[in-house]
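Would you mind keeping the following structure in view while I ask a few things?
Here the chain labels run A, B and C in written order, and each chain numbers its own residues starting at 1.
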Amino acid sequence: MIRVELIQMLRRPRTWITIAALNVLPLVVAILLSVTELGPRPGTGPPFLAAVLSDGSLYPLAAMGIVLPLFLPIAVAVVGGDAIAGEAQTGTLRYLLVRPVRRGHLLIAKLVSVVAFVLLAVVAVAVAGLVEGQLLLGRTQVGGVVSISGTDLDTQALVQRSLLAVAYVTLSMLGVAAVALFFSTLTDSAIAAALGTVGVLIASTVLLGLDAAESLRPFLPTRYWLSFVDLFRDPIRWTEVVRGVLTQASYLVVFLAAAWASFATKDVKS
Amino acid sequence: MTSPLRWLLVVVVAAAVLSPVLVPRVLPAAAADVSAPALADRVRSSADVGWSGQVSTVGTLAVPDVDSFGGVADLLGESSDLRVWWRDAEHWRVDKTSSSGESDLARRGDRAATWSFESRRATTTRYSSVRLPDTSDVLPATLARRMLSGAKDADLSRLPAKRVEGHSSAGLRLVPSDARTTISRVDLWADEKTGVATRVEVYAGGRLPVLTTTAAHLDLARPSAEDAGFSFADAVDVRQSYALDDAAGANAFAPFVPPDRVAGLRRTGDLDGAVGVYGRGTTALLAIPLRRDIAREAFAQLEESPAAKRDDDGISLAVGPVSVRLEGAGRGVFLLTGTVTPDTLDRAGEDLGSVRFRPGRGESR
Amino acid sequence: MIRTHGLTKRFGRVRAVDDVDLDVREGDVYGFLGANGSGKTTTVRMLLGLVLATSGDIEVLGRRMPRSARDVLPSVGALIEGPGAYPHLSGRANLATVDAAGPGRRAGRRRVAETLEQVGLDPADRRPVRAYSLGMRQRLGLASALLRRPPLLMLDEPTNGLDPQGIREMRDLLVTLNREGTTIFLSSHLLAEIEQMCTRVGVLDRGRLVVQDELTTLTGPTGLVRVVTTEPARAVQVLSSAGHRDVRPEGETVLVPGRSAEVNETLVRAGVPVAEVGPQRRSLEDVVLEATDPGVFRGAGAA
């Protein structure tokens, strides 16, 4: 089933359209930066964006920082919300279940395919960022790349840390994927499930900016999203990264369990 | 399995997942039976205890954005996240981190280094004990030491122990009896054995603290010299800076000798410099001589604040517990600021009239 | 092949299916008849484990459902309330995808092509299902059900969207499959469809199974003789005086218990003109209308 789902995901035109759309904004930003050479003011704007003017090799990270807060989660919400509800909409859910495919297996296969989609999207953004950075933005200066803490970052370290960042950003989307999957089992409308997920994310972002909600912060799914930046400090700040991974794992476990509880005995009437 | 049973299982899973975060919050702290003065002594003598961790500060003061104040407005008015490696009082590094980069400050003996990722600027300079407040001053440990310095035993009382970010800490309250200070109370918690403070709350009369600083992921082992130091990449242009900030610059180069005592407060700190540091603990003020052009600019910036009051000798402003005054004294203009009442600052301004001029000093260095 | 006992499904306070005892035997073409909204689809979904029964037992191919779904369902081909297909894939790819998703060996390319031909679709058609007509989708749905040559077919409204020619082809196909040993459970709201194809019939009326029997029994002789005559009044008089009881005139028709030959002889001997005579048979429509008589049944109303 997992294999079938993965092939299905790769075959869908939507997958590739979404990934292409994700790459539009970083491309526009790269072009604007290279034309105007106006970086954001220090302390504002997406991570790394201030640094890419002088060092294009950091642009993959800046590109991830651009899509991470909004576009990537929305894409994940749409793909995840479509998982079960979309099958219900096309009427294929009942045929899969009487084929028979076990309901739990179907959920796992859908989750794996969403995660694979995220990985594909993040890698696509990073690779596109690498190309855009080399073609449009500043060349790496003599002496190599500089970490956020001002220390040397040799090519090997940069590659390793970039791979870790790709992995971390992918993991950051696990929570969104699980929530979307859960909503997808509740409704037969893929759009409703996606909107519900986006609603959760907006709520999380609003609460994150509210000082009165400080005690809730460690539980919010969006809290540690940008912590991939910490991988480029020296020494690496692992605390937030680890917490981010644990938070996402918690969301995954709880909402996958909820999706299973909701789906396992659900009457399939679509 | 029936549907209700399934949902029960989901609740159990959720509880299990939340427990690692929730349990430390409700876990009782180890009881501490140390006396308040003894605890204060331990805090005061903790400067050379090594530790590392992360500090988050929350400031609520709208300090006017005067150029001469450097980063003080951010420090007291915003939240910041700091990474700290503290080997001893003269060897440490404090990184102010954000999702878009970081600005670092490190001290190694009498040298200091700064780094800003966003502007890609690195500087090294002589360290100066007379300077504007910076990130190293809002760490719970340093802030607690500063607040407790000179505190009377009678002003101290114990607070119940509590867990600060999981670290069991003994509580201490300081209610200054000195009428000149604007600080109504300081609540702090510290590691009982080493005296390293984990949380400090500074109150200025209100129900909520005006400044809170908390250490998380506290590790009471001395960090390595490598972590606490600074080693810039070859690609980074490191510049020599003439002074740590404007106050340190003025202290080193301005041609003044401030009086020994203003507003009844004794001069402390570097007695050789041109900046006057008076008082200690919660009752302290700073008198910084300004160059004429900078003074004019500062005056204009202060005047923009609706709360500013002009008089014949200068301009005054009070922001929460922080009072600011710009006053002409002798042949110079001094910027006075401190956690003292505006009246005290006025008196200090008058007393500064006895400042002596020391010609030719600027060129000697 | 399919047996249920006391099968009941409640949605909130509504009993969509109420105490149904189905009995489908091997080799049957079982017609499951009921108006739209009578609970047919819910019943079919319960048989397949898509909807969980509130109470009652289900046995399909001798195994309990939905507990043994993994063992039972591979041997069941199903078409449930219209076809479902991935719109961006071709018919062929759709069949292969759903097939690959389940357990067991995959059907080969040749079997996929063969099945598509069997239902009247072109295996070489590369268009995505998005471009299919309703009838073509219905054929594709049937192909999906037939792909693994299941011994039991459960078809819910299989002729939906088909033109008369398509309906005929579908009927021929099902009859052929049944002859080769496939048991077919076919639900429909179309009386004629059931009457033409089925060997056994169950009638569902607002969740209750009101009739279940062999078609031949249901539409068999009623024991009455039906006489068509131009002089019904005389016929009644003659027959009554000849000892026949319960003689009922209905326009030019007279119904009388007895045997055709006897009745004919009596009437002819008395000089009554007889236009037609023979045993009375009920149509399926009569059976259904009688069983679901609004006056008798709906008035009482199952809550």
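Keep in mind that, in the parts below, a contact is a pair of C-beta atoms (placed from the backbone, for glycine too) under 8 Å apart; a residue touches a chain by one contact, two chains touch by 3 or more.
If you're wondering where the values come from, they're calculated on a predicted model, not measured in any experiment.
Chemist: When I count C-beta pairs in contact, which pair ends up with more: A-C or A-B?
Modeler: A-B
Chemist: State which chain is most central when centres are taken as means of Cα atoms.
Modeler: Measuring from the global C-alpha mean, the nearest chain centre belongs to A.
Chemist: Indicate the whole-number Å distance between the mean C-alpha point of chain B and the mean C-alpha point of chain C.
Modeler: It comes to 86 Å between the two C-alpha centres.
Chemist: For chain A versus chain C, what separation do you get between their C-alpha means, in angstrom?
Modeler: Whole-Å distance between the two chain centres: 51.
Chemist: Per the centroid of Cα atoms for each chain, what is the distance between chain A and chain B, given in Å?
Modeler: 38
Chemist: Multi-chain contacts in chain C: which residues touch at least two other chains?
Modeler: Not one residue in chain C touches at least two other chains.
Chemist: Find every residue in chain A that makes contact with two or more other chains and list them.
Modeler: In chain A, residues 265 touch at least two other chains, as defined above.
Chemist: In their complex, what parts of chain B are in touch with chain A?
Modeler: 1-3, 6-7, 9-10, 13-14, 17-18, 20-21, 54, 58, 83, 95, 97-102, 104, 115-120, 122, 216-217, 227, 230-236
Chemist: In the complex, go through chain C and note every residue touching chain A.
Modeler: Contact set of chain C toward chain A: 45, 48-52, 69-70, 73-74, 76, 78, 80-89, 97-103, 144.
Chemist: State the interface residues of chain A toward chain B in the complex, per the touch definition above.
Modeler: Residue list for chain A touching chain B: 40, 42-51, 54, 65, 141-153, 211, 218-219, 226, 229-230, 233, 235, 237, 239, 246, 250, 253-254, 257-258, 260-261, 264-265.
Chemist: Which of the residues in chain A come into contact with chain C in the complex?
Modeler: Chain A residues touching chain C: 1, 3-4, 7-8, 11-13, 90-102, 265, 267-269.
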